[in-house]
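In this document, chain identifiers A, B, C, D, E and F correspond to the written order of the chains, with residue numbering beginning at 1 in each.
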Amino acid sequence: MSVAEFFDMGGYALYVWGSFGATALLMIAEPIILRSRRRSVLKRVARIIRMKAEDAR
Amino acid sequence: MFEVYRAILMRDLTLALRRRSDVFITLFFFVVVVSLFPLGIGPEMDTLRMIAPGVVWVAALLSSMLALERLFTVDFDDGALEQMLLAPQPMFILVLGKVTAHWLITGIPLVLMSPLMGLQYDLSGNALLVLLVSLLLGTPALSLIGAIGAALTLGLRGGGVLVSLLVLPLSIPVLIFGAGAVEASVSGLGEQGHLYMMGAILVLALLFAPLATLAALRISAE
Amino acid sequence: MLEVVELECMRGDRRLFTGLSFKLEPGELLHLHGRNGSGKTTLMRTVCGLIRPSAGEILWDGEGIWDQGDDFNRDLVYIGHKNGIKDDLNGIENLRICSVLDGVQINESQAWDALEKMGLRGHEDLPARVLSQGQKRRVTLARLLTHDAKLWVLDEPFTALDKAAVEFLQSVIRDHVANGGMVILTTHQEVNLTRGHPKQLQLGWKGEGDV
Amino acid sequence: MSSRILNWFKFSSPATFYPLAGRIGVWSMVIAVVLIVVGLYMSFFVAPTDYKQGEGYRIIYVHVPAAWMSMFIYLVMAFWSVLGIIYNTRLSAMMTSALAPTGAMFAFLSLWTGAFWGKPMWGTWWVWDARLTSALILFFLYLGYIALQGAIDDTRRSDRAGALLVLVGVVNIPIIYFSVKWWNTLHQGATIKMSGEASMDPVMLWTMLIMTFGFWAYAIATAMSRVRSIILERERETTWVSELPEVRG
Amino acid sequence: MFEVYRAILMRDLTLALRRRSDVFITLFFFVVVVSLFPLGIGPEMDTLRMIAPGVVWVAALLSSMLALERLFTVDFDDGALEQMLLAPQPMFILVLGKVTAHWLITGIPLVLMSPLMGLQYDLSGNALLVLLVSLLLGTPALSLIGAIGAALTLGLRGGGVLVSLLVLPLSIPVLIFGAGAVEASVSGLGEQGHLYMMGAILVLALLFAPLATLAALRISAE
Amino acid sequence: MLEVVELECMRGDRRLFTGLSFKLEPGELLHLHGRNGSGKTTLMRTVCGLIRPSAGEILWDGEGIWDQGDDFNRDLVYIGHKNGIKDDLNGIENLRICSVLDGVQINESQAWDALEKMGLRGHEDLPARVLSQGQKRRVTLARLLTHDAKLWVLDEPFTALDKAAVEFLQSVIRDHVANGGMVILTTHQEVNLTRGHPKQLQLGWKGEGDV
């Protein structure tokens, strides 16, 4: 089976890759979004804690 | 207890009559949706007859959803709702009273109007009857289910869409059986099965929806 | 008897008060003080059971208010910032529907009486929509005259009232307290409620919202 | 037995659950990646070509797992909601809202891949048939939940409102399922369902199962990661959060 | 003057964004109406293609009418409207700003979504384009015309129905030309005539509707 | 200069007042008195041009207010029973949009200043929805600090304000009057506005609404 044949998927390329592509896209994007969310949450929490410490002083 | 139910019912009916326009808004919407279709589609009777059950029922669902927003927000905004929550009366009854009034105001006119609408689409006498019965069973269920969504979204930003978004998936079965019953009767199949199912949904909704609504109201009034 | 034990209330991520305790016996009046935004309304709504406290307990006759359902509600009148009357109903209708909900059905002539006492003669059958701000408040407060609840929770009841009405309401409150009722009240106006031996409670020591 | 219950309550405290969730999350992600890579290899290079649908059938390896997960996640959310209402634990609401976006994503994917399957097989992207309608309704339920959560800024209110909504929705699921089926008998179905042949090729079956478990582990991993962010956001005022190494570092 | 227009526009857009879901209200309703019809009617592509222009346009008209209710009531209830009437700014501009914001929030998403909706009904590429253009011309006209009704309803408590009845006949031409344009393009006739008419309606509405709205607002605020 | 000539106002079929005339010169304050429902709000809204009087005239600098369009509005601030702020916007945004409408654009730091002066420090960026009754009123009143209009029409501005805020607002009003501004004001509370040499006007001699 050649590479071209593989990508052609017996004529169903659009459908197969459309499905797998969308799935891959979303399932890769979600962890990335989650990671950036975690970063920003951490930043915010750290800022709050710093502000508190300053207030205490 | 019945006293309180009656009082709430009468109160909401009086309020609706005072504002007059509110009584008609759902009905008006229903009539407009149903009547505009032939205008957009053209006068082919066959097409019309075919789409009639869907159109009428979709219109009923939408107009019922439309009116929902008003169900609790007015009382919420002017503080009457918190007074109800504090009243030494079973809140279940109050909710039931309000939903009943809402149905009488928005549902019944629609039910009564439906045969006329059906005529526009050239439905047979039997199909018209089935349409009327299905709406009679379906609209109270829609009101009951919708009340949950209305209560949950009380006072939230963008209440309107949220209500529709929350209520829509819950009411689709009613739509499907309602339209199904009429379609079955149009195409000569038996409509009883659908109607029984609608009865069952109505009973279920009567039992559980007020409880859920009540819980939602308590959450929202905080 | 009302007992508030170690109450804590949060709004958003702000802790309004914590560890708040007090008791209110029959014949006592509690006057809440506090700056704008110090949590008076929040406290009153919590005491009524409209808001669930984040910690602490509220006991009515020794039992938590969340456990006893309607028994507490029967003994309670709450009048808040919002009037809770319907704009499209007139005074009589508003009062009567309130009384049904309160479980103290009054007939029409009693309703006329109560409204007349509240100084609404000649306006009883106007829809609340066209009433003036103070007249609306009077319709709301007429409930106090028809109700026999023991505990009154009044959130700035004097707003929008003219002097005569303030005077009258004060006497109503004094009578209620004298007859063994309980009142929790807040107002920013100077009032004269001495006959009820008012307890005072100050909220918001944190100095929020100074001017 | 009783010590078990005690343990449960211990883990229902956000402070103890937070590090545990971290560990579960990492391991699930590893498992997910391994399973999905293996699953992908099998679905393209091991599984045979379908005699009826040609290569196009390979969509099944994402379509069916996604559809299954979308339904399963909703049930898990309902489970957490019940727990939250009964025991009033803070964690359960956080779990519910952590699961919802992943569930919605899978619901969307099952619709999307289904549509990409339907086009070559039935000649249309969309048909109002029982399965598809109920999947769409499920998607709406997820969206409704997420929208409701987004619209409420008071966390306690959003927790309780969300739990109520999920439960109301779950009551609806069997109704939808049966009702839609019934309705479907009335109009001609264009449905070509593969599952009619119980004698599915074992390799195909295995591939599908591996993908499903991969998705499953993935869902756990994302939910854990999301719940950790939610915990941090909600508990930012507490001392245990301020003592976390990742916060101080 | 442009400053004030911008400020009002930004204010209403911000408010809509704050409520987040409110941005979607019309869009959601539109999508639901358009998508529910096939549910009621069944999946026959031929029927669907035939009714598509009517369905999409009726849905657009209805969702636009739906959203109108909110246009002034919120500002009226919280007293912001009387402040606007007292502002030393040409009220014409304020009304125009509010209507523009309203259209951007409710009309534009609908326009952008329409090709997707058309696809559901299996419309051709050209028909989709005509659909989009007709909505682009038609929705602002609907917003402008509807604003008159919205302003009148503020005051006339009992007259809500009357106002809807008043506005509807004014919007029906838009519906007819809009659906007509799409239908013409589906059936291969020229759609230009219809589109020109819609453009003319839009220009007329732009000139006169804000004035009428303004007058109605003054009456209602008394 | 504001001049009211033989004004008559009807509400429903009720004549609230008739033949009412007064003048207000720069540096003067008019304190309206009257029982609830005597027509104070009606009079103020009429003076602002929101209600058309059934007879009589209102002149601003010698010209009828209905004839001069925006010129009068530019010189006017009206603060009524309703706050007119948007629940979904925070204090800063509310104030800034008001200022654009008033034609006196302020930048963000000016808005922060005004709100801080009104005692809203720490609450500036909360949506008005979650503010307490008094805090909402403060946001509304912050407009007075950013505006340079000559005529202030204030309908019970002190409602819901705590004592510190009442004190502050009084001083703001006194300053405005001292600087040649004009104020029409009504309140049922005891206030101390002597520095402005208040004119007094009593509405509703018909004895409506007694208690």
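In this text, a residue touches a chain if its C-beta (ideal position, glycine included) is under 8 Å from a C-beta of that chain, and two chains touch if they have at least 3 such contacts.
Computed from a predicted model, the values in this text were never measured in an experiment.
Chemist: Under the document's definition of touching, what chains do chain C and chain D have as common neighbours?
Modeler: B
Chemist: Setting chain D aside with everything else in place, what contact-connected groups do the chains form?
Modeler: A | B, C, E, F
Chemist: Can you compute the centre-to-centre distance for chain E and chain F, using the mean CA position of each chain? Integer Å is fine.
Modeler: Taking the average C-alpha coordinate of chain E and of chain F, the gap between them is 37 Å.
Chemist: If you average the CA atoms of chain A and of chain D, how far apart do the two points sit, in angstrom?
Modeler: 17
Chemist: Averaging over Cα atoms per chain, report the distance between chain B and chain F in Å.
Modeler: Roughly 45 Å separates the two chain centres.
Chemist: Give me the residue numbers in chain B that touch at least two other chains, ranges are fine.
Modeler: In chain B, the residues touching two or more other chains are 18-19, 77, 157-158, 161-162, 165, 168, 172, 176, 222.
Chemist: Among the residues of chain A, which are close enough to touch at least two other chains?
Modeler: Correct list: empty.
Chemist: Multi-chain contacts only, two chains or more: what residues does chain C have there?
Modeler: Chain C, residues with two or more chain partners: 12, 52, 81, 88.
Chemist: Please name which positions on chain D make contact with chain B in the complex.
Modeler: 133, 137-138, 140-141, 143-144, 147-148, 151-152, 154, 156-157, 160-161, 164-165, 167-169, 171-172, 175-176, 179-180, 182-183, 186
Chemist: Please name which positions on chain B make contact with chain D in the complex.
Modeler: Counting only chain B, the residues touching chain D are 148, 152-153, 156-158, 161-162, 165-166, 168-170, 172-173, 176-177, 180, 183-184, 187, 189, 193-194, 197, 201, 208, 212, 215-216, 219-220, 222.
Chemist: With touch defined as at the start, can you tell me which chain C residues reach chain B in the complex?
Modeler: For this pair, the touching residues of chain C are 48-52, 70-71, 73-74, 76, 78, 80-89, 93, 97-98, 100-103, 105, 127.
Chemist: What residues on chain E touch chain B, complex-wise?
Modeler: 18-22, 24-25, 28-29, 32-33, 36-37, 39-42, 47, 50-51, 53-55, 57-58, 61-62, 66, 70, 77, 153, 157-162, 164, 168, 175-176, 179
Chemist: Any idea which chain C residues touch chain D in the complex?
Modeler: Interface residues on chain C, with respect to chain D: 12-13, 52, 54.
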